[in-house]
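Take a look at the following structure, please.
A, B and C label the chains in the order they appear, each numbered from 1.
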Amino acid sequence: MSTVAATHEEHHHHGPTGWRRWLFSTNHKDIGTLYLWFSFSMFLVGGFLAMIIRAELMEPGMQFVDPEFFNQLTTVPGLVMIFGAIMPGFVGLANWLVPMMVGAPDMALPRMNNWSFWILPFAFTLLLGTLVLSAFAPGHPEAPDFGWTAYAPLSSKYGPPSTDFFIFAIHMMGISSIMGAINVIVTIFNLRAPGMTLMKMPMFVWSWLVTAFLLIAVMPALAGAVTMVLFDRHFGTSFFDAAGGGDPVLYQHVFWFFGHPEVYIMILPGFGIISEIVPTFSRKPLFGYTSMVYAIVSIALISFIVWAHHMFAVGMPLAGTLFFMYSTMLISVPTGVKIFNWLATMWRGSLTFELPMKWALAFILLFTCGGLSGLMLAIVPADLQYHDTYFVVAHFHYVLVTGAAFSIIAAVYYWLPKWSGMMPSKVLGELHFWNSLISVNLLFFPMHFVGLAGMPRRYADYALQFADYNFWISIGAFWFGLSQLFFLALCLRCAMKKGEKAPARAWEGAKGLEWEVPSPAPHHTFQTPPVVE
Amino acid sequence: MSNSNNYYIPEYSPWPIVATVGLFATAFGGANYIQQATGKLVYFPGGHWGKYVFALGVIWLLVTITLWWRDTINESIGGLHHGRLNVSYRLGMGWFIFSEVMFFGAFFGSLFYTRWLVVPWLGGAGSNAMTHELLWPNFQAMWPLIRTPDGTVTQAMEAWGLPAINTAVLLTSSVTLTIAHHALLEGRRTRLALFQAITVVLGIAFLFLQATEYHHAYTHMGLTLHAGIYGSLFFVMTGFHGVHVTIGTIFLIITLSRVLRGHFSKENDFAWEAAAWYWHFVDIVWLFLFVSVYWL
Amino acid sequence: MRSRFLRTTIGLVSLVFAATAAAEDWSTRSNLNLRPGVTEISQDIYDLHTFVLWIVTVIGLLVLGLMLYSMIRHRRSRHPEPAKFHEHMALEVFWTVVPFLILIAMAIPATAVMIKMDNTADSALTVRVTGHRWKWEYEYLTYGQQGNLGVDIMSSIATPLDERETPVFASGLFPYGTAKDRAGQPAPPKDHNYNLTVDHPLVLPSGQKIRFLITSADVIHSFWVPDFGGKQDAIPGYVHAKWTKIPPGKEGTYYGQCTELCGKGHAFMPIEVKVVSQQEFKTWLDDKVKEAKAAPDLTPFASLDEAMKAGEKVFTANCAVCHGAQGQGGIGVPMAGAEFFTDSSHKADHIKIVIHGLNAMPSFKSQLSPKEIAAVITYERNAWGNNSGDLIQPADVNKDEGGE
């Protein structure tokens, strides 16, 4: 399994080979590959579990699982997708690309980089183990079943024993993320090639600079929240217990203080990716680089003051609710600026529609859809009818699947030639794209309707009038799931070096330091920093 | 593999994955240890093996980190750490301390939320008149919360006894550490070692006094983790702080032993400074704790 | 191909606006859009929703249109020379300021509605709503000048457990069929109020302002009746107020559901509201107050069989969800064949636990009458082969309740 071939004629590669190469690596390319394959496999695992949910929800009544296991199925895959698929996917891209894009020889702290990766498989063994044991072990000890948000007191007083493993798995993932983010920030601040000022950096690097800052700032808050849950469970504390002077809503405040920047952590690198791809295939520079930078920074800063828009129904005082409504609405302004800037980049360019561009365009349109439903959710009185219904589920899947996941896929299509030296197969790619595009909309768009019509979320069974839509949503889900197998085949093909070889500048309009090195990129690049004008 | 950038990149290292095994054992063992020790919500019933797995994990981690840092120290002595790598380490340590600040921030946020909003609400303030009337009619809002809504009674920890002494201890230790730092920069090794040793002693004294305070709280004041939200916040906040003081003290002891072996000079002192920064951070957190948990 | 698909989608979205005809009957309501509901607030919310939906649709179509235009007009074969511009200050200011102004236009009506929703003063009726795992409890506190009404209603889902086709309660994957299947009977057809009807609905008067005081006995639930507009989370240890007023002429039955994950029964704790005229409400309430003030029915059971029959009903409605339909356990301890339930020395403790609760098990003192408690304990101690021979009488239970 190797997507990077050392080019022996260039220099002697003294590093380890075989299993030692992957376990002991300090090389940002290898670690990036590890992260990306891990992310893809978690995406498939989470997706498989989601298929079970959709099989159950295909028809009213309970057919396959009981409501308790259903709740576990809506909890664990959510955690897997967020912490196992999307975040590691973006970190893998950061590992591969940030050093090359800034002309650095590697990440700033390479051993810590490897540690950040290897923590993840172990953390997910801990988490997924609870679900496997719940399904197959005698007695069926329950896996976490309180939603990925783990509200108290459902998670503290009433959570099953496996909750403690969930808590420790989260701690492990947090350590991994924080160390990874520190590495990214230090690399960007310290290892840029001479001449590359901050305002000359590629947008993808900017997006990761800001994302890394968010990660370092808010992952500790998540750690604090789950630690308080642990203490309430075992040490008799009263953080979330009114009888002792605490408040269950405290958990929500601390959690969402993490949770809201978290969702921006999961999209800002995606914005960076689109800002790399669209100019290449428009053969035009990115429109408004400076405002794009300001926009991404302001999105990150505003994301710290909007968290309670996840909590509009808890009974906050009116003044608090109004504040959070206004701040949430405000964040749509810089986001809109980015979308218009991408359109302006395309405008009067010379467009071609290779696969990365297809995915990027799908992102722009469908993420906008998700962002607009988010704006609807920001309006508090209306939100009090949408909250905890499938309308919310539609919104976040649009921004996370057609947003974040599509951007990761676009990035893979775009940079696979650089990583593997092979162009991605056009046939498989087109099959993947069109099947995914149609099925993802069949899957998530009807959720807007059933949500508005009143179907609550995290429901194992629903009222009959939602039956037709749920049937088609499930069909869309299976179709979308199967479509990802085209992608798997395509990635394996490149990894096995089948197909058309890629030149150094794999895409005609591509700009950036990574396109100056050969394809596949040699094991070590920019050992001597390039000079940037 | 050398590179002409002079930025040292280790070729490979087994320590990260080995450390991960230790981290996993710590996490898995820790979870089971807590469950089996408190007897509540036990996933694997029957047995007390959790604490052994946890202990094994901690020891494994400590050994691995020692070996890892031994490699790093050798690289440093070998002269590979100058220039940009030094800056990388400094930036990294700075951002790490920032993440620790945010961790404490979550608890300070919880403290202020509880004190200024939650407790008054339980007492009927603002939009929560009915909360008080219907659910907790006998509850009186106050801070420190020495009588919880369900009737548990406790006492508040007085700021001007042991805590004030501890404040003096930590502040003094920061001063002695700064004196030690200046001695390092001036090449006065004996003075450096002496003042660093004093700092370590003060750190240990702080921990000892804190333990005494906890003992007093538990046995004479009815101030425990179970004593409602005041007790919960008090112990969790000062407790995590104490853990960080312990880590800081150990870090200082390690760098002290390196000082005694002749390591560190004006040009090459990142690890020493990292320990110092950590110590100052721990001190500043204490000041915030003293003001908001003990005093006001 | 893609643009055609998208145009179809947009056509469907327009149907949204066509399908918003007044659809008050639950079974014929719109499947595509929010409902205007029956109160002034729900109508305000609906108008706000429509206003915002129009704005975002226009913006979305604008983005789509610009993109499609550019994809067609500026593709390489038709536009081989790319332009070089990458900045335009005026344009950037424009598309920063204009969205900001649009936001203000949305924020103003939103704020107005929020202020209206916040004002719970001057309510004629106050009902305390308590969420339990997994049912709702409604206590009528005050009506007009009357206080201390003492009317307390437990409202559980009416669909029986085996007709809800809930499989075996032990957690697991593919637990093989439903309870009814295993009994060899086909599941009955579901009607359009499947999983929405309850045994004792919440009765409310039309034309008067009603204040709900919402709280929870265990975890966070959420009280939502879409037709009334707005929801409020039920937080344990706290009480949050929400008001509504159903205009005269809108009497009828309305349904709602719990909207905050609360465990296994989250999808199975519906809210059914019967709105009646003020006269009808007064009559109903007076009856209920009389019933509440009356002494509890303590007539003893004539035989073990009588107690068992009554107890089975109570068990299925209240206990089976945690203790298993066959007493096999689940969230709650197993009862079939367990020593606590077969050995008569535990009788008194058993009564205490049902009355006061234990750990995650709630107290049933306010949920069940002494006769019901006596019946269910008798059932548990004699069913499934337990055969302890214990017959608990209402008087035994009442002693404990009084001595609390």
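Throughout what follows, contacts are C-beta pairs under 8 Å (C-beta built on N, C-alpha and C of every residue); 3 or more make two chains touch, one makes a residue touch a chain.
In this text, all values refer to a predicted model and were calculated from it rather than measured experimentally.
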{"item": "Chain whose mean Cα position lies farthest from chain C", "value": "B"}
{"item": "Pair of chains joined by more contacts [C-beta pairs], B-C or A-C", "value": "A-C"}
{"item": "Distance between the centres, which are taken as Cα means, of chain C and chain A, whole angstrom", "value": "33"}
{"item": "CA centroid of chain B to CA centroid of chain C, Å", "value": "44"}
{"item": "For chain A, residues contacting two or more additional chains", "value": "242-243, 247, 315, 318"}
{"item": "Touching two or more other chains - residue numbers and ranges from chain B", "value": "121-122, 127, 135-136, 149"}
{"item": "Interface hub residues of chain C, defined as touching at least two other chains", "value": "237-238, 240"}
{"item": "Residues on chain B engaged by chain C in the complex (per definition of touch)", "value": "121-122, 127-128, 130-131, 134-136, 149"}
{"item": "Touching residues on chain B, where the partner in the complex is chain A", "value": "1, 3-5, 7, 9-17, 19-21, 23-24, 27-28, 30-31, 34-35, 38, 40-43, 68, 84, 87-89, 91-92, 95-96, 98-100, 102-103, 105-107, 109-110, 113-114, 118-119, 121-122, 126-127, 135-136, 145, 148-150, 152, 224-226, 228-233, 235-236"}
{"item": "Of chain C, residues touching chain A in the complex", "value": "1-2, 5-6, 9, 16, 27, 29-35, 41-42, 44-45, 48-49, 52-53, 56, 59-60, 63-64, 66-67, 70-71, 74-76, 79-88, 91-92, 95-96, 99-100, 103, 106-107, 110-111, 113-115, 117-118, 164-175, 178, 187, 190-196, 218-220, 222, 224, 226, 229-233, 235-238, 240, 257-268, 330-331, 360"}
{"item": "Complex contacts: residues of chain A adjacent to chain C", "value": "52, 60-69, 71-72, 134-136, 139-140, 142, 145-147, 151, 153-154, 157-158, 241-243, 247-249, 282-291, 313-315, 318, 321-322, 325-326, 329-330, 332-333, 336-337, 339-341, 343-353, 361, 364-365, 368-369, 372-373, 375-376, 379-382, 384-385, 387-389, 434, 437-438, 441, 445, 449-450, 452-454, 456-466, 468-469"}
{"item": "Chain B-touching residues of chain A, taken from the complex the two chains share", "value": "14-16, 20-21, 23-26, 104-106, 108-112, 114-115, 118-119, 122-123, 125-126, 141, 159-165, 167-169, 171-172, 175, 178, 181-183, 185-187, 189-191, 216-221, 223-225, 227-228, 230-231, 233-239, 242-247, 250, 253-254, 257, 315, 317-318, 524, 526-529"}
